[in-house]
Each structure stands twice: as structure tokens, then as C-alpha cells.
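Below, chain A partners chain B and then partners chain C, in two separate complexes.
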Partner chain A sequence: MNGIDLSAIRKRFGETEVVKGLDLTIAEGEFLVILGPSGCGKSTLLRLIAGLEDVTQGRIRIGGRDVTHEEPGRRGCAMVFQNYALYPHMTVAGNMAYGLKVAGVPRRERAERVARIAGMLELGALLDRRPHELSGGQRQRVAMGRAMIRSPRVFLFDEPLSNLDAKLRAQLRLDIKRLHRDLGTTSVFVTHDQLEAMTMADRMVVMNGGRIEQAGTPQEIYRRPATRFVAGFIGAPAMNIFPALIDEAGRAMVSGGWYPCPDAVWALPPGTEVDLGVRPADVLPGAPAPGRPAFTPDVSEDVGTEVHLHARGAGLDLTLSAPAGAALPQNDFSVSFPAAAAHCFAGESGQRAALRPTQKPERTDETWTATSLSFT
Partner chain B sequence: MKADTRRLVVHAPMIVLSLLAVFPVWWMVVTSLKPENEIFSTRLWPASPSLENYAYVLDAIPMIRILWNTFAMAAATALAQVLTGLCAAYALTRWRFRGSGIAQGLIALSWLVPFQLTMIPNYVLATKLGMLNTIAGLVIPNAAAAFAVLVLTNAMRSFPKDLIDAARMDGAGHLRVLCEVVVPNLRAPLASLGVLAFISAWNEYFWPLLLTRRIEDTVVQIGLQMFMTQEGNQWGAMMAAATLASLPILLLYLVLHRQIIDSFMRSGIR
Partner chain C sequence: MVQTLDATFALPARAPSRRVLWQPWVYLAPTLATLVVWIYWPLIEAAYLSFFQWNMLPTATPRYVGVENYANLLTLPEMGRAVRNTVLYILGLLPLSVVLPTAIAILTQDLSGPFRSLYRSLIFIPMIIAPIVAAVLWRWLLNEDHGLVNAGIEVLGLTPVGFLKDPSIALWTLVWITGWKLIGFATLLLSAANGTIDPGYVEAARMDGASRWQVIRDIRLPLLSPTILLLTMMTILFGAQWSFVYINALTGGGPLQSTTNVFYLMWDYGFQSYSAGWSATAGMLTFAGFGVIAMLCLRLMKRFAVHEG
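Now for the complex of A and B:
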């Protein structure tokens, strides 16, 4: 039983409340990623779990034991820091063994455990080096070794890959995933990089302003963002959001009487201001038509596997993405999208709105249809 | 040629300043080697150098004992100032507590309090505690220095917080973090502060003058005073004693000059 249970956690620094009454349960063996923008409280939350900060209010349980007021070293957590935090005056072996030394583990056993972990992380040849003699990737592996050597109940990762270049980051992402698969240790990983979050998480928590916006699997969060914030934060390129108004029939009308998704009828009272969203990959371009605003292609970005086209029209910005090689609009075009691809968020609360119960479109993974359209 | 001229222009003032700095030391050594009849001669080297002043000094006062007292007092004071400064700086930078800003302000303010203001109360206290004529009496009132706290607070502020957090995650308590993680990585400011505190304590005059009554319990700065008599100053003996008093500091500098300059440069103390 090495799960983590956080209940009603609050953290204040002076007058500023950084974590605002947060409840979260992390199952044993789960790989949970906490994602959010800078200053959302995600690192503070991790430090609260680690014991590096004291909670202002609330309870933290690890493995069923209340550790709210325990010292960091007694919680059974190990942490990997963003900038490695290796002791500069110690060798790689010294760094890895320090926690064991503090715990009073005999020298011989320390050496054995260092050798075993170093073997797992391919650090065997570097044990006598000091941190300044290592590359960024090697330093991060040493930091991971230092965390692993104590066989902790919980791994805490504080943006451990953000100082690495893209290639190394992808490699270490895989390494961490494999280690988690092999060790099965409960892990909490904080990042602001959604690609990291989506690819690594068993479950994701999106935080904003000290609160949890949504928790769920990466697919749940991507497919059904619970709030306007999550919709805008998850996905690259970001979701297109159009301010709209709910009409008498429950359909969302964008300014100028445009109904980009006429099939969707929302369970909201008429006159409600909403934000209507659609992923760039779900946008269906079409020939210009009366009653639909014309979008003019502005800039396109080729990212190899797909192309993103940024366009403007009727005071709105729009991004659509298509697989590489697909025909993209060259001239003015109109836009629509199916009800299943539409996301609607109530204007004031930003909460996701549901479709009316009578209408239950099955979400299918729309395939790109622009290739079949021709724009001349 | 142009480069040579530029170098000369840059170096000339430095050479003059160096000579100005070195000359008094040179004059002290030369005077200490002059026999009585040559004391007031302005020659840069005595006509017949002799060590008779040194022999006289060693005979007239317990110079070795005094040097040892001074060394013990200066080393203990430097060590105490570094230790107290280190603990205070760690607490001020790592612990959030109510009034930490005020505490730091008061420490900084205490630096501005002149010695003459605390001299009498400290003397009365030291007397009541039976610390007259003791090295402890010389050290304890100077065991904490605002300068040391401020220098180390500054150094500790730029110390990577993650290293301390990593050590705490490894299970180390605050004392262990301080001794095994902070100190080994703050060697430069600690060394420069230690050297400054040692020199400052070595040159201390007023407090030992108040506190020590017996010549064998005193320190070298007071010992020098023995050669200023009502009948006139014994310049040769005084300069010989001053030379002997400077030797340990000079030796310390010669042995450690590379590290001292390096640590002063790195710690920002100049």
C-alpha cells in the first residue's frame, strides 16, 4: 500500500494562497503527471508531498500513514530535481550513496547497492567522476540513481527533463517509463510540457491557479476537457475557441449568425454566453458559402508529420491541421465541424457543457477529409 | 612600443602604491636590525646589522608565550565567528520565521555600534564572570560578528536551494546538511572570512588592554607597548617585536596566498 492520499490541502505563502483546498488520491504503482502553467502550484504540491514545504491546512497520507508533519527523509519519498541537485563535492558514487550513509547503511552494502543501480542506469564507468565532469543526461541519470537507491515508496519528479535537449529528453522519457514499468513504484511527475505529460502519464492532473482543473487519463483529458482552461492548455496546436451565444434551439451561434456546428444542441439556457471549441485536426474546411465567414490562409507550419495552417476571418483566428501531404486551402475557405468534435464551455464558469440528452452522437475519430476537397 | 608605453602607464601607479605599502614594513625590519647608535639614521640598510634587538625582546618580555596567546586568541575568535556566522546565516536564509527580517536588520545595526559603547558593560561582565587575564575573556565577547553573519548570509542566499532540499530528501537533518553539504561548497567565503577574522583578532588592541593585567597573559599588541616607556621609546626593540608579531601573519599569507586571493576574489570580499 504505497498510494498517496491528499485531502483538503492548502498552502499559503504569506497572503498568497498557492494551493487552494486540493483533494487527490494517487493509487499504488500509478504514474501520475501533474501538468499546468508556471505558477499554478504544481511544484509546490510536489514539495508538500515531499515534506519540503509544510502544509497550511489538510492531510497527507502515504501508504495509509499520516505523514503531514513528518520530516522529508522519513516519508519514504525520493525526489529528482529539475537541475539535478547533485552534490558538487561528491563523486557519482558518493552522490548515490549519500542517502544510505545518512540512514546508517554499512559501507560495504552501500557499495553493492551503488554498483547494482549504476549497472541498471549504465553509470558503472562514471562512479569516480564528479558532477561537473558529466553531461546533462548523465547527471540526470545519476539523480535518478540517487532516488532509486533507497528503494523509496514514492518517486517524485520535479520537471526533471526540462534542462535537456529534445533528443535526450525523448530518450530519458523512455528510460523513466521503462523504470516505472520494471519497478512499479508510485510516481508523481510534475511538468509544464504537455507532450511529456501525455506520453508518460497513467493519469494526468491539470492544475491552474492552485486548483485541479481536471484529472483523468491523457485521452480523457484530450478528448473531453472539463473546462475552458484545459481545452486551451492541452493540445498542440491549441484548440480553436470561438465566443458564441446559445440560441432558442440550444445551438451555439458565433458572431454574425454563423453556426459552425449546427448539429450540436447544448443543454444550456438560451442567451448563455459560451466558448465553442474545436481541435485543429477536427476542423472541416469547405468552399466559401453564404452565412459562413470566409477564412483567409495566413501562415502554414510544416512539422513533418503534419501541417498547421493559421487563418483569419470575421475577426476570428483559426488553426487547422492536416497530415503532411494533404491538400490545404490556398484561397478563402469556410469552416464547419461535426457535433462530436465540438466542445462547449459556459462563458462565466468555463465548465464544459453537455449536449442535450436526446442527442448522443458517437465520437468517431474523424479522418481528414480535406484531401477530397479541392480549392481552386 | 605603444603597448609598452600603455603597460608602463598602467603599471607605474601600481608600482608606486606597492612601494608605499611595502616601505613601512621594510623600515620596520631595517630598524629592528639597527644597533642603538644607528636607530635614527635614514640609510635603507644598517651599516652593521645585528640581532641584538631580537635578543633583548626575547629577554625582556615572554615573547613566545605572548605570540602563542595571540595565536590561540585569534584562531579561536576566527573559528567562533565563522561558526556563529554560519549558523546564523543558515537560519536566516533557510528558515521562515516571524521576525527574521527584523533579526537580520538588528544584526546589521549591531555592526554600527562602536566598540567604545559596549566596552565598559563587557568589561564589567567579564570581570564578574572571572574572565580577566584569560583567553576565553578575549574570545567570547568577539565570538559573534555582524560582518561574518552578513557575509555568510549573502553567500548562503546564492547557494542552490535544491542541494539542501536534496540532502533533506536523503534524510539529513539541518546540522548534517550544514556540515556535509553547505560547508564543503562554501569553502571560498568561509576561508576568506576566516582569514579576515584571524587578522582582525590578531591586531586587536583595546579589548586585550582592558582585560589583561599580567604580561604573560597578554597578546602581542600589548607586548609591543612595553617598549614605550616614560624614558622614551625603545625603537629597535619595538620594531623587533613588531617584526616578530608580523611573522605569523606573513607566514600565513605566504603559505596560503594563492587560496586567499582566490577566495577573496570568488567571495566578493576585497
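Now for the complex of A and C:
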């Protein structure tokens, strides 16, 4: 049992509350990614789990044991820092073995374990170097080795790939996933990079303003964002959001009397102000028609695998994405999208609204396949 | 500069090479002049004087004596004693200028708010007091009959101590006063160095399970080592010099020459005994001795100091 259980966690720095009453359970062996914008409290949450910060309120359990007031070194967590924090005055071997040395492991056993981990991470030739003699990727692997050597119950990653170039990042992402597959250690990975989050996570937590906006698998979060924030934050290019009003029939009407998704009837009272969202890949361009605003193509971005077209019309911005080679509108066009691709968020908090139950079920596993994942 | 540009425009091919020859020297001249006037010229003059006997009277002619001054000084018990005292001054100062400030810098790193300001003022006040004022204050404080310190000792029922009069204590009293002036400066340097240590290292060590003490021993001290070695070197090279003003003001090298060091002796020969030759000879010997020590120190520093790279 090496899961993590956080209950009613609050963290205040002076007057500022950074984590606002947060509950989260991380299963044993799970690879959980915490995603959020800068200042959302995700790194603080990780540091609370590590014990580098003390919680203001709440309980932290690791493997069923209450560690809320334990020293960081005694929680069984190992951490990989964003800047790696390798001890500059120690060699690679010294860095990796320091935790064992502090724990009083005899010299010979330390050397054996360093050699074994170094073999796994292909660091064998670098053991006598000092951190400033290593490249960014090598430092990152040493930091991984230092975390692995004590066979921790939990790995904590604090944006460990953000200082690397894109190619190396992709490589190390794979390496970390493989290591997790082989070791099966419970891992918490903090990042602001949604591609990293989507590709690595077993389960993902999206945080904003010290709260959890949504927790679920990457697919759930992408396909059924629970709030307006998640909808806008996940997915690149970002989801199109149109401010709309619910009419008598429950359909969402954008100002000017346009119904971009006439099939969808929402379980909301008439007159509710909503945000109607659609992924750029789900937008269907069509010929200009009366009652529908005309969008004028503005800028198109060819990213290789797909093309993004940015358009403007009726005071709205629209992004449309299509597979490379697909025909894109050259002149003014109108848009619509099916009910299955529509997302509706209502109220101050921007909670996801459901379709009217009389309709077909809004989303099932089958209809998910209709939505394509779009990432660059 | 304006001239150069004009010339360059007028004669693009030829002008730069001709001007480059003398122009850097113009810029260097003030610095070079200072070095020559204040360092190299006196050094050469002293080296020259060390082979002569002269009473410093402008009317008297220096008399060449060869290496006699060196032979005399090296066999003089007074000189041996001064050298031994110099070593004692340096050894006595090291705890005050290095060990104590390191401890203070590390222990006070977490202080915040008003405590921090209070401690900083307290620790830095000695640094800004003029040495001669400090000397006078300490003479009053340590006076055997009326001093505050001895009054306190008497209240405790102990016998008063002749801080500046007892030959076995006087040197340590001067070491304390010299060191007391230095603690602030050294603490300032070490606190600054300690403040620049990336907190990430400490956090990584805490994650590795290191205790407070282990973090200090394995992380902070090694990362402070460049500053610690610098202060150690400064104390070794300059410590005995810094005590000169207190020797001069408080004991005059006594009692029984117990507080004389080579710097005081040098001054004593020159300006008390008016034997410029001996003074210059003592100066040259000191220069040579400390020159060798400085080179050793620099080597040690290169070898042992940890740099973040």
C-alpha cells in the first residue's frame, strides 16, 4: 500500500491561500500528473506531499500512514527538482549515494547500488564527473538516479523536463514512462505542459487557483472537460468558446440569433447565460447562409500534421483545425458542429451542463471516437 | 575618443595601428602611477635601505653595511619572540574571524523581522567604530582598578585580572579586541555567501534524509568554503597587521615585550629607535615570509575551494 491520501489540504503563505481545501487520493502504482497554469498551487501541493512545506490544515497519508508532520526524509518520497538541485561539490556517484550515506548504508553497498542504478540510466561513464561537467539531459538522469537509489515509495517530479529542449524532452518523457512501467512506483508529476500531462498520465488533475478543477484520465478530461477553465486550458489550439443564451427550447443561441449547434438541447432554464465550446477539429465549415455569421479566414498555420485556420466574424474569433492536405475555406464561410462535439458551461463557476435527458445520451464511449485528439 | 574617430575617418588604413601603441598606456597611467608610487617604489627603497645603517636624519648619510642588518636581526632574540607572537596573534584571530562568524552566519540565517535588524546592528557596530576609539574604550573597560569588566569580576568574588598588564594575558586581550572588530565584517561576508546558496540544494538534502547538522556539514560548509578560505587567508596575511594599532595604543609592545609582533617591531625600529636600516630589514624579511605564505594559501585555495561551476 503505497498510495497517497490527501484530505482537506489547505496551505496559506501569510494572507495568501495557495491551496484551498483539496482532497485527492492517488492509488498505489499510479502515475498522476498535476497540470495547471503558473501560480495555481500545483508545485506547492507537491512540496506539501514531500514535506518541504508544512500544511496549514488537513492530513497527508502515504501508504496508510499519517505523515502530515513527518520530516521530508522520513516520508519515503524522492523528488526530482526542476533545476535538478544536484550538489555541485559532489561527483555524480556522490550525488546519487548521498541519501544512502546519510542513512548509514555501508560504503560497499552504496557503491553497488550506485553502479546498478547508473547501469539502468546509462550513467556508468559519468560517475566521477561533477554536475557542472554534465549536459542538461545527463543532469536530469543523475537527478532521476538520485531519486531512484533509495527505492522510494513515491516519486515526486517538479517540472523536471521544463529546462530541456523539445527533442530531449520527448526522449526523457518516454524514459520516465518506461521506468514507471518497470518499477511501478507511485508517481506524482507536476507540469504546466499539457502535452507532457496528456502523454504521461494514468490520471490527471487540472488545478486552478488552488483548487482541483477536474480529475480523471487524460481522455476524459479532453473529451468531457468539467469546467470552462479546463475546456480552455486543455487542447491546442484552444477550444473555441462562444458566449450564448439558452432559449425557450433549451438551445444555445449566440448573439445575433445564430444557433451554431441547433441539435443540442441543454438541461438549463431559458435565459441562462452560457459558454458554448467546440474543439477546433470538430468545427464543420460550410457555405455562407442567412442566419449564420460569416467568418473570414485570417491566418493559417501549417504545423505539419494539421493546419490551423484562424478566422474572424460577427465579433467572434474562431479556430478551425483540419488534417494536413484537407481543403480549407478560402473565402467567407459559416460554421456548425454536431451536438456530440458541443460543450456547454454555465454560471459563474463555468460548470459543464448536460444535454436534456430526452435526447440521445450526450457522450458515450462510442461517440468519443467521433472526436479527434488534437495536439501539436 | 573624438580624436581617434576623426583620425580614423581621415586616415582609415594607417591611423589605428599608430594610436593603439600609446593610447592604452594613457588609460593605465593613473593605476600604474599609484602602484609604482605606493608599492613598488617603497619596496625598492626598503630593499635598498636594508643594506644600510641610517638614523633617518636628513643630514646624516646612510652607511653601507652589506648583509649585516639581516645577520643581526635573524640572530636577535627580540625578533624570534616577535615572530612567535605574530603566529600567536594569527592563531588567536582565526576563531574570531572565521569560526565564530561562520557559526553566527549559519545560526542566524532564519532570523526574520526586527530580530534580524537588531542582530545585524549589534554585530556590525564594532566594525564602524574607529580603531583608536575602540582601543581607548577597551582600555577603560579593562582597567585593573576602575574598569567595568574587573568590577564585574570582583562582584563574582574573583580577583581582578590585569588584562593589559599581565604578560601571559595581554597578547590574548589584544587578540580579542582585534577579533571583536573583525567579527562583523566576516559575518557580513559569510551571511552574504550563505544567502546565495541555492535553497534547492538544502531541500534536496532534506529529501535525502539529511538532518539539520548534516545539511550544514555536507552542503552549506562545502559551498561556503571559498569564502571561509578567503577569510582564513586574509586573517593569516593581515591579522597581525590589524592588531598594530591596538598594540601601539594599549601596550606599546609590553609588558616585557609579550605583545610585540613583527609589524610593531618594524615600526619600533624605525620610529622609536630611528634605525631605518633595521626597520627596512625587518620589513623585507616580513615581506618575504608573508609572500611565501600567500603563495601557499593561494595554492591551497585553488585546490580545496568548491565552486558551483
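Here is the rule we go by: the second predicted complex is superposed on the first by the 359 of 376 C-alpha atoms of A that agree within 3 Å, B and C clash if a C-alpha of one lies under 4 Å from a C-alpha of the other, contacts with A are read in each partner's own complex, and residues count from 1 in each chain.
The criterion applied here is as follows: a residue touches a chain if its C-beta (ideal position, glycine included) is under 8 Å from a C-beta of that chain, and two chains touch if they have at least 3 such contacts.
This structure is a prediction, so every number in the text was calculated from the model and none was measured.
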Fit-or-clash call for chain B and chain C when the two complexes are aligned on chain A: clash
Which superposed partner A:A85 touches (first chain B, second chain C, both, neither): both
First, second, both or neither for A:M204, with chain B first and chain C second: neither
First (chain B), second (chain C), both or neither touched by A:A103: both
First (chain B), second (chain C), both or neither touched by A:I246: neither
Touching partner for A:G73 - first (chain B), second (chain C), both, neither: both
On chain A, positions contacted by chain B and by chain C: 50-52, 71-74, 77-79, 81, 83, 85-89, 98-99, 102-103, 146, 150
Chain B - residues contacting chain A, complex: 160, 162-163, 165-173, 176, 181, 184-185
Residues on chain C engaged by chain A in the complex (per definition of touch): 198, 200-201, 203-211, 214, 218-219, 222-223, 225, 306-309
Chain A residues touching chain B - in the complex, by the definition given at the top: 47, 50-52, 71-74, 77-79, 81-83, 85-89, 98-99, 102-103, 146, 150
Footprint of chain C on chain A - complex, ascending: 50-52, 71-74, 77-79, 81, 83, 85-89, 98-99, 102-103, 130-133, 146, 150
